[in-house]
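Naming follows writing order (A, B, C, D, E, F and G), and every chain is counted from residue 1.
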Amino acid sequence: MNYKLISGILGAFAVGFRNIFKRRMTLRYPEERLDIESGYTFDAKSNTGSAGFKGRHILYTDKCTGCSLCAIACENIADCIDMVQVEGNWPINPKNIMPQIDYGRCVFCGFCVDACPFDCLFMTPEYELSATDKRKLVHTPFQLAVFPEKKGNVKLISDDGVAYHD
Amino acid sequence: MEPLINYFIVSAALLCVGIYGLIAKRNAIRLLFAVEIIINAAIINFVAFARYHDTPLITGQTFSLFAIALAATEAAVGLAIIVQAFRLNNDIDVLELKKLRG
Amino acid sequence: MKNAGMNIEDKGGDQLVLHVGPQHPGSGHFRIIVTVDGDYIVGAKPDPGYVHRGAEKMAEYRDYIQNIPHLERPVIIDATGVTLPYVLTAEKIIDVEAPERAQYIRMIMAELNRIISHLYWLGIYGIFLGHSTMFMWPMGDRELFIDLAESIGGTRVTFSYVVPGGVRNDMPTNFKERALKTFDYFERRIEEYKKIFFNNPIMTARTESVGILSPADAIKLGITGSNLRAVGIDSDTRKDEPYCLYDRVDFEIPTRKEGDSYARCIVRLEELQQSMNIMKQVLDLIEPGPIKQVIGGVMRGEPGEAFVRTEAARGTMFYHIVSDGEKNPYRVKISVPSFRNLIGMTHLLVGSKLADMPAIYWSLDYWPVEADR
Amino acid sequence: MTDVVFLVVSLLTVFFAILALESRELVYGAVALSLSFLGAAALFILLDSIFIAIFQVLVYVGSIAILIVFVIMLVRRDKWANVTGGNERILGIIAAVLLFSTITYFSLSSSLTSQYPNPTAISNFYEIGSQLINDYWLILQLTGLALAVSIIGALTMAKFENR
Amino acid sequence: MVNDPTLNLLVGKVSDILDTTIEKNVREPVRFLVNWGRLYSLWPVHLETACCSIEFGAASGPRHDVERFGMLEAFGSLRQCDVLVVQGTVTRKMAPRMKWVYEQMPEPKWVIAMGACAISGGLYMDSYNVLQGVDKIVPVDVYIPGCPPRPETLIQGIIELQNKIRKSKV
Amino acid sequence: MPAKLATENQLAKSLKDQFKNKIKEEYVESNRIKISTSPENLKNLAIAVKELGFEQVMSQGGTDYPENNVYRIEYHIICVSKKKLRSIIFSIMTEIPKDKPEIETLIDVFPSAEFHEQETFENFGITFIGHPRLEKLLLPEDWDDIPPLRKDYILPGRG
Amino acid sequence: METFEEFVKRILIILFWFILISPLIIFPILFLVVGFLGIDVTIVNEILTATIDPIKAYKLAERYGLGFNSTFFKIAAFPGFTFAALVATLTILYERKLMAKAQLRVGPLYAGRFEGILQPIADLFKLLGKELVVPEKADKMFFWAAPILSIGLAASLLAVIPLSPTIYIARSEFSLLIPFAIIGFSPLVVLIAAWASSNKFAFIGGLRALHQLAAYEIPMLLSILGIVILTGSFDLMKIVEAQKDMWFIFPQFLAAIIFYITILSELERIPFDLPEAETEIVSGWLTEYTGMHFGLLQLGVYMKFYALALLFTLLFLGGWNGPAFLPPIVWLLGKLFFVITIIIFPRAVLPRLRMDQLIRIGWAWLIALSFINLFIAVIESSLGVI
């Protein structure tokens, strides 16, 4: 009488049971990290970007001229870029100002990268930015200048009806 | 073992408590409590007297089974009446139950 | 009694007033005040606005580029679905047109986002019906599509990828083979989904002939998206008024006649397959070429107005932009599908059982953040 | 001599019975009532009728007490939570005490005081079963009928005002 | 009361010695155990304030699986919860409810501000209906930037919170 | 593409025949028809549009024009059931004076306009006469400022 | 510098710890001194040696009625409370891991070095350290009583269920009926908890639980009657004995299915977890409980889980019967593990039912099926299958 009911429930059980023996897809985050190849960059000459992850910014301090275009681009989006005075002698940066980014506001849209005409502000695959203190979220130009070390070692692979990280 | 009188007195006490409840209470649920207590008293007597027979009888137990079953019936019907009365009158004070017939 | 936003008023008799939400596992960022008579809902009054952030007003203070990250926040599950109509409208106002390759990439992103959004919906529907595996599986398989979208758009959900004049960057070179592999994987998974959830007798018992919407009511109330297709009307903006290059691809509009919760589920499941179908065709059609028409200086619209609708994951997304020639738009009116489906929810809830509320509520794919804007 | 266990159990039974009627909250009363039933079940165990004790627990505590609590919760309103009589109360106490003293007085002078049980107890539930089937089959049928009728009655009663 | 300085000094010394002994032998192991339990059993409140909830959902999904850290995915009553994850924008309409939820949670409790909007208002710095950062109404323990944050960032924030609990006193 | 605009022109023409000079054709483009009218005629126009086959309000919004001292109210009406009309968005528009922001509701013609009108009410303070539920929908209950989408409402921090 | 009050407080705290620790250190020293003074020291000696010699300590305990064969040990440790609680905690962990595995994820991983093996312990310590909130409007007495009653009921369930021919707490002729009489209490506990919370969601949950438990108790009892007919006994020992040749799951397959379904319902597990349906009524009757109250209620539920799984094993899977190369208790535990698995697994593959469907299944289907099963049992017993 209720062939559909019984077969339906048994089918559900069978599928659930089969999945017990599948390889798990969990990325064991602190030990494994996702391998992200590159950050988002933008070529001002051709006016197109290159596909890449929009993470923490990288600032090439030697190329920055302190033009504030990134801060202007960000002004109405998240208002997270401040031009701050920096120490040292920067020949092409007459006012000695460089962007300082407040990651408590940043939304990682990357329009500041698009706005930079001197190819000195890009994005990196770094995303580990959590902090217990709000002040630690503000990254100074020199913090931004440090290129993050590559930590990623696994990728999400799908084949044969199984998805896993390897 | 105690003499039969002890069980008898316990049973009598329960009966009297039940009768007190029937007289003194106006809350329909409390009345139901009282009735249940009285039935319990009766069942205790059933079992006790059968047990204290010269050749112990099982009939007392059999009858208490019936009694328990009937008590369950009575409780079900009583509670249905109470719910019904509450719906009609918004009250379960038995003295106020004038229009149980709807 | 008072437990954070959930409380019940006693109206006397058998009528109870239940406030479901906003801190209620079955509501999300939304509150609905239902009046219950015994087991049946006799009145439902939605109380949205818990995520109302004033997107329309704030859009008047930002220029056409700065508006993109801002306007995609209301529907970050379906970020391209919500920015694409905006960009198309802005393109009409600024009078630019994206090159062909950009149009194709936009289609890919839109369909990827549709899949991501539908899978999220499916996951939450699973948890609403108490099926925790059906929460986990779509959430996991959604990650594959998120990875695909991320390889183009750069972030997991909020891409800010489509801009007036084209798209911001090209696809990665190995995108096609990765995508096809993922589709192959996911098509197998859909069979498993069907076995564990869609053909599960308990699931069908919960959803079949629950919350039946008649075609006449659906038209009258302005229901849109998959909910409309579930009553048998094959209306889809991608076919009705093709934007991008949807007229070059061949796909079907899945419909169901019943109009109940189950029909809405099945329609969405079939839309997943159609989206993959569209993407496969697009990946064959796409040819190298420019991806962006360069606009010099600040974008300024012509004085005038434009309106565009597209088919987002939840239904027709509509933008109406009025420009007065300044760099900021004068008025942006967004009409989102969730907001229009809200009226359908009140219509469906009244007269149904209280226990069916989760099954009806989430089968409409109501995303409160989108409705509130 | 009175056994300590018997004394404690019987006192508790009577105490909880009184509490059931006199407790402030009706729900406390219902719980006290179920405890009183439990006490009665303990008395049955002392009387070597374990089967009846289990049956008592199953039916009285498992069904009746829960049904009562359920109904109390369904119809609970603060305004009548303490419906108690005024004069009837004193009347009730007088009647109960009178009745109890009469019964006790006459029974104490009866032969019940010297009635002691036969040490060989019957606790064989086969006997109950055979008696039910062989001797009291009619009563069994009638009880079943009464149960069925009461259930149908209760259901219709609960239904008829529903719509 | 008694305020003789020498007596007080003596009392202080005696109690200090006793204190350190007890501290080392009794309280420290107990504290360690309770803290250890707390840091691996963080049950989050199911309060969705805005769109970051989808990334929280993704984090409890099979790919990132916060249950590895003892967080249950969807938990019913806030009476049993330990950590309030503010998932995004808090609007003026939501703010009193969120505060209410926070007050209803039993001690000890922690708050994670997830996403730019929860930290500082983010994109909505000039919105008429958005609270500029949740730390104005509830104390925040961990800030997780992003809009929305990646699940990995969320998990990193959870690890930060665990470190914070590990160091905290009972 | 005159052939392609045939349906649109025909629709606009039928309305013009019906209403003569009470309505003004703003523009007829491919898939877009926009017709403006005076506030009194809006309801009649809506009924006429409904008779043409357009079934639901997809969007309803207002715009504030402080220099003309008017609010412009616009209904975008679509059809979902008839294949021929599906591609068309029919806009009807009217302008109401700012000092008397009142207009008759259209929810008895288009029930789908209910929440849209409620939203326009709270965002502009425009009263829809006959609307059953003119109360706050998205804004917080304790909102006592001027309606936010008016141009004279300045966002906080944008003085 | 601290004030005098603070000092007094501090001294009091120290005194408290002193009283706690003194039996461990100071009393032995006292005994030692007493021994030197020449008073009878045998008992002191024994106690002193017992502190360093576990075997002697055990002997000492045995002398005072605390040995492995004493009733106290049976009730408190094995096969009683501690063992059941241990199985219950392991069940919680096993459930979380199994669910995670079916959902392609890992589940608890970091608590404990190996695969999150200490996760329940971590939860326990956390719950112990959690603030106990008693709602203002709650009925304090009942609110406190419910968790204790819950765990007490669960523990008393174990009293008559034997683990092997030699391992049991108490034997009774009615050892099959007594657990069901006790299970009959559980709606009362749920109602008390729901009522005491004075939260409407808890109340709805309580009512749902009551409906459900009442509806499924009857088929549960009826389904085991078939076995009673076949064996002619209410004694679990005899029932297990009768399964030497054939497990009752074969002649009484329908009964096993009904009993399995009613177990799911009795334990409020998916698809019958309506009393705790979190998307509908928050946490149902558990809504207002915090900290260790909640922990005790959960532990009670999982101990009931253990008891019912054990009953299923004994009734249908032949209990401890098995080839002789392994001791009976091992067979029993192996079967128990399997039963726990099949009770857990529906949570991974089935959604939740609706209340009316649940009631219909209980009252209409299961009762009808259990009557059919009774007929089957009668026919089988008259054919002499067993």
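The criterion applied here is as follows: contacts are C-beta pairs under 8 Å (C-beta built on N, C-alpha and C of every residue); 3 or more make two chains touch, one makes a residue touch a chain.
On a predicted model such as this, the values are computed, not experimentally measured, just so you know.
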item: Where chain B and chain E overlap in contact partners, by chain label; value: none
item: Chain hops separating chain F from chain C, counting only touching neighbours; value: 1
item: Comparison of A-E and E-G (more C-beta pairs in contact); value: E-G
item: Distance from chain C to chain A - Cα centre to Cα centre, in angstrom; value: 25
item: Whole-Å gap between the CA centroids of chain B and chain G; value: 34
item: Gap in Å, rounded to a whole number, between the CA centres of chain D and chain C; value: 62
item: Centroid spacing, where centroids are CA-atom means, of chain B and chain D in whole angstrom; value: 5
item: Residues of chain D engaged with two or more neighbouring chains; value: 51, 63
item: Multi-partner residues of chain G (at least 2 other chains); value: 102-106, 109, 278, 282, 287-288, 348-350
item: Shared-contact residues (touching 2 or more other chains) in chain A; value: 9, 12, 15-16, 19, 24-26, 28, 77-78, 107-108, 156, 163
item: Touching chain combinations (by label order); value: A-C, A-E, A-G, B-D, C-E, C-F, C-G, D-G, E-F, E-G
item: Touch list for chain E against partner chain G, complex; value: 1-3, 5, 8-9, 11-12, 15, 18-19, 22, 26, 33-34, 36-41, 46, 61-63, 65, 67-70, 74-77, 79-80, 82, 106-108, 170
item: Residue ranges of chain F in contact with chain E within the complex; value: 139-142, 145, 148, 153, 155-158
item: Chain G-facing residues of chain C, complex; value: 1, 3, 6-8, 16, 24-26, 39, 126-134, 136-137, 140, 196-197, 200, 202-203, 205-206, 353, 355-358
item: Interfacial residue positions of chain D with respect to chain G in the complex; value: 25, 27, 31, 34, 50-51, 54, 57-58, 61-63, 65-66, 69-70, 73, 123, 125
item: Of chain C, residues touching chain E in the complex; value: 3-5, 22-23, 25, 28-29, 49-54, 57-58, 61, 69-70, 73-77, 120, 123-124, 127, 132, 135-137, 139-140, 142-143, 146, 156-158, 369
